[in-house]
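Handing you a structure now.
A, B, C and D are the chain letters, set down in written order, and residue numbers restart from 1 in every chain.
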Amino acid sequence: MNVAIIGYGYWGPNLVRNFMTAPGCQVSYVFDTSQKALDKVTKSYPEIAITQDLNEILKDSATDAVAIATPVGTHFELAKKALEQGKHVLLEKPMTAKLSEANELIRIADSLGLTLMVDHTYLYTESVLKMQQLIESGDIGNIQYIDSTRINLGLFQRDVNVLWDLAPHDISICMYLMQEAPIGVQATGVSHTGSTLANIAYLNLFYPNNKIAHFNCSWVSPVKIRQMLIGGDKKMILFNDLETTEKLRIYDKGYSILPDTDRERILIDYRIGDITIPKIGQGEALSAMVLDFKNAIENKTSPRSNSYIGKEVVRILEAAEKSILNKGQYMEL
Amino acid sequence: MNVAIIGYGYWGPNLVRNFMTAPGCQVSYVFDTSQKALDKVTKSYPEIAITQDLNEILKDSATDAVAIATPVGTHFELAKKALEQGKHVLLEKPMTAKLSEANELIRIADSLGLTLMVDHTYLYTESVLKMQQLIESGDIGNIQYIDSTRINLGLFQRDVNVLWDLAPHDISICMYLMQEAPIGVQATGVSHTGSTLANIAYLNLFYPNNKIAHFNCSWVSPVKIRQMLIGGDKKMILFNDLETTEKLRIYDKGYSILPDTDRERILIDYRIGDITIPKIGQGEALSAMVLDFKNAIENKTSPRSNSYIGKEVVRILEAAEKSILNKGQYMEL
Amino acid sequence: MNVAIIGYGYWGPNLVRNFMTAPGCQVSYVFDTSQKALDKVTKSYPEIAITQDLNEILKDSATDAVAIATPVGTHFELAKKALEQGKHVLLEKPMTAKLSEANELIRIADSLGLTLMVDHTYLYTESVLKMQQLIESGDIGNIQYIDSTRINLGLFQRDVNVLWDLAPHDISICMYLMQEAPIGVQATGVSHTGSTLANIAYLNLFYPNNKIAHFNCSWVSPVKIRQMLIGGDKKMILFNDLETTEKLRIYDKGYSILPDTDRERILIDYRIGDITIPKIGQGEALSAMVLDFKNAIENKTSPRSNSYIGKEVVRILEAAEKSILNKGQYMEL
Amino acid sequence: MNVAIIGYGYWGPNLVRNFMTAPGCQVSYVFDTSQKALDKVTKSYPEIAITQDLNEILKDSATDAVAIATPVGTHFELAKKALEQGKHVLLEKPMTAKLSEANELIRIADSLGLTLMVDHTYLYTESVLKMQQLIESGDIGNIQYIDSTRINLGLFQRDVNVLWDLAPHDISICMYLMQEAPIGVQATGVSHTGSTLANIAYLNLFYPNNKIAHFNCSWVSPVKIRQMLIGGDKKMILFNDLETTEKLRIYDKGYSILPDTDRERILIDYRIGDITIPKIGQGEALSAMVLDFKNAIENKTSPRSNSYIGKEVVRILEAAEKSILNKGQYMEL
């Protein structure tokens, strides 16, 4: 499978490296508008063709797929062109800048029978996979809430608010673990730069049956926290991504609501048991993502990080931004 | 000063113990409707008079003040009676069940020249005092945000939601440190018990100049977290109340927004310096609170945890509850 | 059972409180040489007889047992007198100041059929009990090493070195978990006060089959550490006594030495599995110790913290002190 | 400066990479006995000459220096040959397998005016440099003890005990910070593999004026700990090398021994102040080491990680091994 990498900035080199080492894959081209970026490609990989002309890549019938790692504002145009030339497309997250664009790309890909995938790399980490397995096995019970904190003293993005920057990770995990879409969004945030782009934001997703997901995102925290609580009605999980070997803690801890027909009160039975820190494998997420992309193309299957998840992330971010600008108004999805 | 303690349940014994050891104070009565509770008083303090008749206390001209530690629903009636009999009043938090009740009590106390105080004990901890001093000294700069997490597997209250139970601590700290009142409230929450009382809730307070305070409260977290971030534009503080000797961490960490007249972009200058963990004294908060109450009465001064803070906490909780029931609607204060 | 408490300083009040609440026990006397100490007894427990005359207690045939909580230098004389008057004896740790004294007390108690017990309270903590159960069940396999760190900025004792102060806890745990006595002792230490009493000391216990126990004790550490590693050949335990709810961590982690007949090298197979943090009960250790003392007297059984463990702790401390003064010379036991 | 790298196993590639990027340096040759290793060199650095013939390197007058990263048993022969051919030598730690070999190499280097240096990389970390600066500035006062723990579930070495593997790091740091050599060594250890090579070992270094350094090294700990306490009489430092951004904590904590001429007792005054976590730079240690080597050659100065430190590390390890095999006998240095 011949893959062309579009964009060789921050993430492009990681894609090149992983596609180069994936069995059955090769990187045929790297495209970038900057000659300086392309020179770096040649220095590291003299065998890869470089170009500033996208058509060269798209017209080449040997090109099977493109992986697009450019600023989000350019995703739609680039992906559309590539799909229309019959190329499978991998898009960096977030998928597009607007929901309508995501819908349009999905429509085109579907009509042409092409694979359209979004690189939500987190879905390929061993930690997330383990959580999904625990949930699927029934060990955790029904998920009642997800509570995520992703804060640090981070780089302010100039074109998007902090949710567009940080929340796609957690929203995609949430989509994958919850296995259902939220029915409403509500978000608040503030900007300390004089712009309308919040640098602190709090996002809530509402689900049927009183499930809720909460996301605390900030570029202005002195401490770095990457933490997610998944509360099931049987067990609960704490996912701390900053831990090196103890990323997951499974708490046999919870409560049950007891039937109490006689009186008008809530009886609750608390339960505190052992904590387990499962051993997690060390596989590289990006490498697994690349293989899933290849596999999806070859077998015409839906990859784990599929365009539906990608689109829902954009839908949520778009609604969240609107909610922030409207003082936290509830947005039905 | 003769103080009568009204209510000898969970908190009452702490009040008795602290008023008994405060110089110049004595506990003249303990009132409770339960004889069993009163028997406990007699066992520990044979010298204290016990009664199930409130009037006995209020009619006794030797009673200078009453401290009320009963369920919040009874605060208003009890405090009103006591004030009307010319007694100074200390109320446990939250002050009252409704804002209108708090306003009415303040009106009565003011008209009679009596001290009306609310026991937000946290304001008397050495940690909060240290933070207030750091802010007052200018070291922290302007506060830009407060972000608080107070979660654990806690007892479900039957008559109030999780905010009424847990948030008064953090809201009172916020009032004390911010030195200004919020202009809007927005909150969301869910209940997993079938009632309307949220057991997970997220509260946002909005201030002038894009300041924000966020409170994450939950009774259903497997881990106990008691943490507050205070972000100033010079330094930032992390207050971790579960630490025994290292409750505060002061980060010389932040960013400045640089003037950039020529271009339409935000230039930000990051700064990472040392972290300081200041030594904090070991004084008991409740004992300091009791002394502040006595001092406020004697000198007719406003105590640190005054009725204004108490009232604002109720105002916020009342608005937050309404917001939760209205899908996170913004409530102007 | 009537118990007299000898010594009402730091630990005596805890003994009084626990014997008072133990079913079937009552404290008949408290002895102390200080009238001030005795006044405190009367204030808290008006019903307990106080005395400065030990004979009053020992001559009283209603006295079944005495609990001795005086400085270690006085243990031998007091316990000897009490035993000779037919009283069962509970001694605070360390049992005596010299091994010969411990042996003499054991000889007397045995000859008179009396219970002689040492209060190594740690053996009654839920953490230590849980470890013992894990070891007894075979889950941990054969213990290969114990490595203990007990350091902080502590009070310098004036008459004993840091090992006599801090190590009895860990040595008694070691005796209890290992279920065999060490065959040799080696220790080093330094004093920074000009005396011969080490304020930092390192103690090694040697066991058959290359087992080892290491104890790091210090009064001059800026951080407080109370940590013990127990390495079995199946699993390993980390006991962190400063944790409130997560005191034990059980690591399914280890290695096996593989047979390698052909070549002259060691083949080792590493194993890394889950970590479990078991739920530990909240029972008060001292209360369980008091019941064990009562039970041992009534049923003429050997208590968990028996005089053999008490004596071995003294033997080890005595040998360790000698080793320190002889530049770490190995002392056969 | 032309440098030849001898040995391209675990550490060799790091040396090549750092010498290649050091200004004014180039790697002229890589030597290894394995063709497979040399092929890797060519793949990454086609411009570097490879050889299995050491003489080719040593005979080449363009070779200024060699860096030796082979097993310690071969260090002496290789370094001797290189020095005798007039080449400056950088040796990986530990310097040699025997003290006599280290002495001989130093003698040769001195007589020929050549630089002989040992790569104790830790001395070039920003953490160690910061500690040295704190000590030199007088902030810490006189060092009274160093207490180091370096344990984890590690690879058993087949030819050396755990001290030869792990302790060189800490001993070199100790030498650098203490600025004086120990006068005695004492060590104990056990082997669980049936060999004489201890896999757990405890090493004590004795210094004049009752200073002590203690090293706890183990290949069989379930938890990884890399921690060093440096106790000064003014302040104390905790160096936790597993922390990513908070490696050092400086405690304004300690005690003073008060004069007490009248009575025979020790009066001690405790002091507990703030804790500071200084910001530490992010410079790569190995790169700084390479520059120090180059600088030492050019300016005929003694590098930070000089042959004296290298030799003392070997002297201590040799004495420690002897002490272990003699039940912890004290070894004068």
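Structure notes:
Basically, a residue touches a chain if its C-beta (ideal position, glycine included) is under 8 Å from a C-beta of that chain, and two chains touch if they have at least 3 such contacts.
Just so we're clear, the structure is a prediction, and the values are computed from it rather than from any experiment.
Here the CA centre of chain B is 54 Å from the CA centre of chain D.
Chain C and chain D have Cα centroids separated by 39 Å. Separation between the centroids of chain B and chain C, computed from CA atoms only, is 44 Å. Among the residues of chain C, those in touch with two or more other chains are 272. In terms of inter-chain touching, the protein chains here make up one closed cycle, each touching precisely two others.
Here the touching chains pair up as A-B, A-C, B-D, C-D. Put simply, chain B touches chain A in their complex at residues 144-145, 147, 149, 151, 153, 155-156, 158, 184, 186, 188-195, 200, 202, 204, 206, 210-212, 214, 216, 218, 220-223, 229, 231, 233, 236, 238, 251, 253-255, 257, 265-266, 268, 270, 272, 327-330. Those residues of chain C that touch chain A in the complex are listed here as 246, 252, 272-279.
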